[in-house]
Amino acid sequence: MRPIITLTTDFGTRDSYVGEMKGVLLSLCPDAHLVDITNEIAPQDIQAAALVVHSMAAAFPPHTVHLVVVDPGVGSARHPMACATPQGRFVGPDNGVLSLVWQQAHDQNPADAHAVVLAEPRFWRPTISTTFHGRDIFAPVAAHLAAGTSLDELGPPLAAPVLLPLPAPTWEGPARLCGEVVMVDHFGNCISNITEAHLTRLGPAPALVVLAGEHRLALHHTYAGVAPGEPLALVGSSGRMELSVRNGSAGHALHIAPGFPLCVERRSAE
Amino acid sequence: MRPIITLTTDFGTRDSYVGEMKGVLLSLCPDAHLVDITNEIAPQDIQAAALVVHSMAAAFPPHTVHLVVVDPGVGSARHPMACATPQGRFVGPDNGVLSLVWQQAHDQNPADAHAVVLAEPRFWRPTISTTFHGRDIFAPVAAHLAAGTSLDELGPPLAAPVLLPLPAPTWEGPARLCGEVVMVDHFGNCISNITEAHLTRLGPAPALVVLAGEHRLALHHTYAGVAPGEPLALVGSSGRMELSVRNGSAGHALHIAPGFPLCVERRSAE
Amino acid sequence: MRPIITLTTDFGTRDSYVGEMKGVLLSLCPDAHLVDITNEIAPQDIQAAALVVHSMAAAFPPHTVHLVVVDPGVGSARHPMACATPQGRFVGPDNGVLSLVWQQAHDQNPADAHAVVLAEPRFWRPTISTTFHGRDIFAPVAAHLAAGTSLDELGPPLAAPVLLPLPAPTWEGPARLCGEVVMVDHFGNCISNITEAHLTRLGPAPALVVLAGEHRLALHHTYAGVAPGEPLALVGSSGRMELSVRNGSAGHALHIAPGFPLCVERRSAE
């Protein structure tokens, strides 16, 4: 089974940084298949990276190693970490960027979520810069994991990784759930923290209405449920409710950014 | 022969979508070499994607599978399709995005252009979202093709794929051909629908003049034919006539976007 | 040992050009592992490309072939070249883009820096466009090198490659060194031409002060040496002194672009 290592960073795509990490990875694990997920997480946007990692890791084989470097605290006291779940292995800073995948595994079965502090310099580069642990600690550890090193060799257990304070939606009675937009994607789809499971508890889709600012939107099954240029709500490919504009950008058209509040109500409550 | 799968999408490079497709591809075809062509086709720009696919596929080995997802009609009645030509195999929506490669093969020999409707769910993911057929239908089909499945197994023949209404140039007499800009590239080169073959029919390059808005441009063999900062016309690497500015951007300098009209005349016609 | 070929270009990421080069590479060297370094060097920015190549090549195994195409002189008299150093092999135009890696090897041992003019069309594509030597000359040569062709077969020796006029810092007495910013990275870090070795000659870090426009900055060991939003100087991961803003952009906050002058002084000189 050929090793796979994915890369998710906020390093951008015009400097040497991603290339330096790839060189380290291939030096230590020459057989690895390197897969760019994205290097364009907004600088230091831990929440966006955590959501991207959570969504994409589910599609990869479980022997994949996911290298995730969004690390505003590089050189400070934050720990470098790695974790293993049934969905894959993950390497990055202990700042919340890995918390969604760790938490999901932990919620299903605490015995399935293993985390360690990276504390064994023999798996790092010989010299560690203070500004680029991606190249000097995280990449070599990811390469060693992909090449066969076990998680336990990397350092002592990390009992409680830093958890991302991802906002949870709140019930305002049994017929109204309020949450917020957690990410606006490249197309301008506004992805919320309300999931398909939440909606199922509220009622059948035709009975629901989404309130977002001045907008009242119906829940549709597909973009084709409205005319081009019209807004709608639907459950997106990640299982979260999204606000969209057919063939357009809901982010631009509705002036929505992460943090924007929204609620879903049963129509009978009107 | 190691399988090769290329990716051309409008998914952008900061979300999880491209990564999710790559995970699906490697889950089903672990030996595949994944090659990013571009994930930055302008959202829903079918014509730009069709042109990119046409240009790059010519450089790849014929056993390559090209996965092309620019799919504004996802979830509507448009068909998912795959086709095979002497230049490679292609998977994507039947909305014109594959029409240039299909048409080229069909024009040379109808027997060499095969297309099918994707109609066999056993080659798809078990659950199909309504918004992301790239992950749930197109990527798994591309992986199966790369891993050895034949085109015929994927579904029934598609006799007439949707053709892109790419504008054709028109002759205004034997000494004047008028067309338009079909793409402006990253450097600002304005690529037209007039080809080297058209120019050969008009006359030798020194005898021709290109009229574009207020500009009268000579046809040169290379950028070095004019001084830095000066505009020129030349035949670009795709065999199409382009307007360029040496070491600059013709798109910016000449205020040109796709659709901009231009004509080529024999100078003797002045 | 699997061949590795990296790509560094100014071709952008939305056209077919990078894909065309990848197709040529995989056609001629099917086992190659292709690694994108960056395709977003600013158009025709030879200095930025030379710095990126210099930084990233150090992290790759020495059998790697680095394909570098920033080529504003394509079609003019500039030579196509390749060179070999203890850090790797490099293919690109002879316009300075490979000069930092060549010069570094040459400075250490002239016998270790080999360069040749690409003069053997049998290693090129059969037809050479005048605008895209990346696809028609550089990519096929890189593929042949990666597949086992020796440097000497490609053409005659190139005794004196074009050197980049990268500005060198100047000593204004033994306690003051003046240089300039040579690159501003994705995060807004302003990377100078003053190196850690220069600073060591000036004195211990706590005794030094950096003067940049109206700013007087202390030299810190890590970003955490100042509060979020505050500017600082530090030695970055490439061994060069950088001006940074913790969790921010020094380029924006301090209005700094490449060419911006700065000096380092011993505090006792105040």
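Order of writing sets the labels: A, B and C. Residues in every chain begin at 1.
One rule holds for everything that comes next: a contact is a pair of C-beta atoms (placed from the backbone, for glycine too) under 8 Å apart; a residue touches a chain by one contact, two chains touch by 3 or more.
From a predicted model like this one, the values you see are computed outputs, not experimental measurements.
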Shared numbers divided by all numbers used: is that above or below half for chain A and chain C, i.e. same or different? different
If chain B and chain C share one sequence, what is the angle of the rotation that overlays their CA atoms, in steps of 5 degrees? 120
Any idea how many Å lie between the Cα centroids of chain A and chain C? 32
Would you mind listing the residues of chain B that make contact with two or more other chains? 13, 36
Within the complex, which stretch of chain C touches chain B? 11-24, 26-27, 30-31, 34, 36, 43-44, 72-76, 129-132, 135-136
Interface with chain B, chain A side, in the complex: residues 1-2, 4, 6, 8, 13, 33, 35-42, 48, 51-53, 55-61, 64, 185-187, 221-224, 234, 236-238, 247, 249
